[in-house]
Amino acid sequence: MSEHRSDNSAYALAWRLPMILWQGLFFIGPLIFMIAMSFFLVKNYRMEPALQVGNWTKTLSRGFFWDSYFLTLWLAGLAVIITTCVAFPASCFLAFRVSDLARRWAIFFLIIPFFTSYLVRIFAWQVILAQQGVINAGFSLFGIGPYTMLNTKFGTMIGYLTLCLPLAVILQTFSLANIDKRLVEAAHNLGCGRLRTIFTVVVPLAKTGLIVAAVFCFILSFGDFVAPYYLGGSKPPTLSIMIIDTSKSGQQWPRAAVVAIMMIVTMLVVALTAIGYAYRKRR
Amino acid sequence: MKDDITTRWLLRIYTAVIFIFIFAPILASFVFSFNSDRFPTIPLGSFTWHWYVTAFSDSDVWSAAEVSILVALSSALLATAIGFSAAYTDHRYDFFGKKAFLVLALLPPTIPLVIFALATLGWLSIFGASGKVVSIIIAHTVLCVPFAMAVIRLRLNQMDPNLEPAAWNLGATEWMAMKSVVVPFTLPSIVAALCLTAAVSFDEFAVAWFVSGLNKTVPVIILEILTGNIDPQINAIGSVVFVVSISLVVIAQVLVMGRIKKPETV
Amino acid sequence: MKKLLNVSRRDALKAGAAAVLAMPFVSRAWAQAVEINMLAWYGHGEPDMVGAFEAANNVKFKPKYYAGGDNMLALIAQSPPGTYDIILSDAEFVQQLNVAGLIEEMNAADYPFDDMIYDDFKQFPGHWKDGKLYSMMVRCGHLGVSYNTTAISEEEAKSYKCYWKPEIKGKVGHFDWHLPSLGQMSLLNGNGAKLWDVDEAGWGKIKETTMSLRPQVGGYFDYGGTFNGLKNGEMMAMAGIGDWITGVLEKDGAPVKSVVPVEGGIQWTESYSIGKGTAKADIVKKFIQYMLSPEGQAVSAQMAAYPGFAITNGGRKALNETNPKEAQRTGQMDGAPNDPVTLIKEGRIHYRDIPKQQTLEDWNDFWQEYKNA
């Protein structure tokens, strides 16, 4: 096998090139174009190629851009923390306490949400969480409520959880299930308490998988516009809503591109830092 | 182990609650799709097929279904082919710039869809390729390649590294070995990748919404109803789409199960 | 490689066959009909509006929906010329469509100008240029205070001030478009007929008034969200809308209403234009004629997505004959106190327009700032 490791035969290139060409042309191409676009001018609702920094200065000098930026960062961060904490006990249960068969079934059920439309699920939440919705109707039986849940950050969070939770449980369960069980038992035998075992043995061993799950949650919630729009009432709007608003009204694509680039940079920094941390060798 | 019963039960109940949370919206939309109230609450209204009839007597929904199926199948095929080649390359070769190669292959899911949609629309319109069905196929393929690659790469991991060299030693060319060894071995993952990517494409709305022009896909129609004349047709369409895609997965599963035995013993 | 493709193709065929089996009616007779691409507000391409015309003429409308004039211009600018055969635009944006060369000239003799219910409508601003017709007004409606009758009294709703009522803190919604909402603030500031023509000081005041409403605001919504919010009681008052949304809910039995307050109301006006470069100008013309016929006007007045006023005498008559209840609800009866035409004549209604001394961009920027505040 190693003999063929680095050859540039026609055969090798035939397998290497399709991905490079396709993703280069239709993934890197658009991203580079977007960077160029951020320097364009808009006249009469049409973009004109230009090289001016007006879009950058105008967008970045606005207070509300930064408000929205930090709000989005905060919401996505919160979603990561909540999702990770909420998913963890369930993942532990699925990884350690059930049979292989039951685990396989659980994973199967966790995959099902990916086959339902996210929009449809959000619409269902709208109905469930409404002032006269299912939950408040349930509360009224006990004489409490109604509570306002829609058009609040709570609503947004429910949406983010809907998006992230199944994936987080799957990824966490996989990484926990891969832990060498003997290490956990050894800790037990040495008199380590249950909670202590979890935090000193299990979590460090599953670190990579846990962080990867968290990174996915961050990326998904940072970029999602559906939850903050339909469950959060865009109050205030997150960056992804700002992108849509900016491109929708007044054809300000270049400024939307500025917001987009800021988002990508942020996400890359967060993701790379986290991944770097995840794969750092433990001393 | 000295498991005390309480913890065990607490964990069990907790996990059940998580599953309830995940499935609540799915089940709710099923229930609402048969409920006569336009804005359902407790107690529910009466049983009705009305939303199904309304939704599926609308020709727009059917043409959207056609577009969606076409897009999902095409991008699944393209993405699986490209993903296979990338996975195989990663599995077998080491070359200058391989790290960059992998980053390029796995990066797309990390870009928020709204951003990718914005960029793709601008890029494709330079070539006059925006607002067409093919624009959606192109964009969805980009999004699906990493998933296909990941699935197939996992399977390649399980392949005995001596299998291919053994075939060469027996006189097979590289292409022949690919055909008679690698492809049969990875077939289950290829089918799985096809299903997964088709499902990803079938449910994607942000990019499709931006680049589709007048060629709406099913999720775009759903988004349009959500922003427009909001009504339970959404639930009806969603439920049917769900049933269809789950059936496809089950069919695929059966197909894979039927074939899995042979390649496994190669 | 070959094998790989073969396998994929076979699987694809199987999957495709399964899909086709599941949907036996995928390809139906619609495929043969002439397709007309329509750019419009939500609902204009739905069966209740175009169904009868489609059946009679073997055509099929393919609608693309937008919300707000800026949104419409953006959509049209990013599509190749000739994409849209017919464009339903807000009247105040017709001028911009024309300047950008996106619409065809129309022949005034083709349309029932003699039958217009009000003289202004015959020469609607921006629809004519150098004596040539570019757009045909088809319907209109009024924007005012839209409120939930359980939270706001009729007396309170007579002024935009009711949005600031402490009891509905967090329950005032905005239709997510700057023009109608900021227009209402301008009216509240006493700008009256000059609501769109405000100088720097006046614009500063509008911003101030708007910002003071921010603590009351519960969300910014598109059409569906506005509708949902009012219906399920999340929002008790909604700025920037009118009967076009509450009317639908009212007919559905919800306790919501829209009135034109003392500061004055705003009229939205929708007009059809023929897209530049379309090959289907003849059938599009026929459709516009149909929409302006008494039958079409009655259909348009009762549009399922959102109601509007009939703008021809024939249309009003047809509405009174086919649905007197709706005619009465909306005051479309000669002599009704809330007859839309009477309201216009009394000077209480102002046509929606674009800002005169600021650019749309200024308004839009402020709107984003407001949302983020």
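All chains are identified by letter, namely A, B and C, in their written order; residue positions are counted from 1 within each chain.
By definition in this document, a contact is a pair of C-beta atoms (placed from the backbone, for glycine too) under 8 Å apart; a residue touches a chain by one contact, two chains touch by 3 or more.
Everything quoted here is computed from the prediction, not taken from an experiment.
Q: Among the chains here, which has the CA centroid at the largest distance from chain A's centroid?
A: C
Q: Across all chain pairs, which one has the most C-beta contacts?
A: Top-ranked chain pair by contact count is A-B.
Q: Quick check: how many Å separate the C-alpha centres of chain A and chain B?
A: Chain A and chain B have C-alpha centres separated by 17 Å.
Q: Go ahead and note the Å separation of the Cα centroids belonging to chain B and chain C.
A: One centre to the other, that is 36 Å.
Q: Residues of chain A that touch two or more other chains: which are they?
A: As it turns out, chain A has residues touching two or more other chains at 14, 130, 132-133, 230, 247.
Q: By the touch rule stated above, which residues of chain C touch at least two different other chains?
A: 1, 78, 225, 228, 232
Q: Considering chain B alone, which of its residues make contact with at least two other chains?
A: 39, 81, 175, 226, 230
Q: In the complex of these two chains, what residues of chain A are touching chain B?
A: 1, 4-9, 11-12, 14-16, 18-20, 22-24, 26-31, 33-34, 37, 86-87, 89-90, 92-94, 97, 109-110, 112-125, 127-128, 130, 132-134, 137-138, 161-162, 165-166, 169, 188, 194, 219, 222-225, 230, 240, 243-244, 247, 253, 256-257, 260, 263-264, 267-268, 271
Q: Quick check on the complex: what are the chain B residues that touch chain A?
A: Contact set of chain B toward chain A: 1, 7-8, 11-12, 14-15, 18-19, 21-26, 28-29, 32, 39-42, 78, 81-83, 85-86, 88-89, 92-96, 101, 104-105, 107-116, 118-120, 122-124, 126, 138-139, 141-142, 145, 149, 161-162, 164-165, 174-175, 199-200, 203, 205-206, 219, 222-223, 226, 230, 234-235, 237-238, 241-242, 245-246, 249.
Q: Okay, in this complex, where on chain B does chain C touch?
A: It comes out as residues 38-39, 58-60, 62-63, 65-66, 69, 73, 76-77, 80-81, 84, 121, 125, 128, 130-131, 175, 178-179, 183, 187, 190-191, 194, 198, 213-214, 224-230, 244, 247-248, 251-252, 255.
Q: So in the complex, which bits of chain A are touching chain C?
A: The contact residues of chain A facing chain C are 14, 44-46, 62-65, 67-68, 126, 130-133, 148, 150-151, 229-230, 232-237, 242, 245-252.
Q: So in the complex, which bits of chain C are touching chain B?
A: My answer: residues 1-5, 7-9, 11-12, 14-16, 18-19, 22-23, 25-28, 30, 37, 42-43, 46-47, 60, 62-65, 67, 78-80, 83, 222-225, 227-228, 231-232, 252, 304-305.
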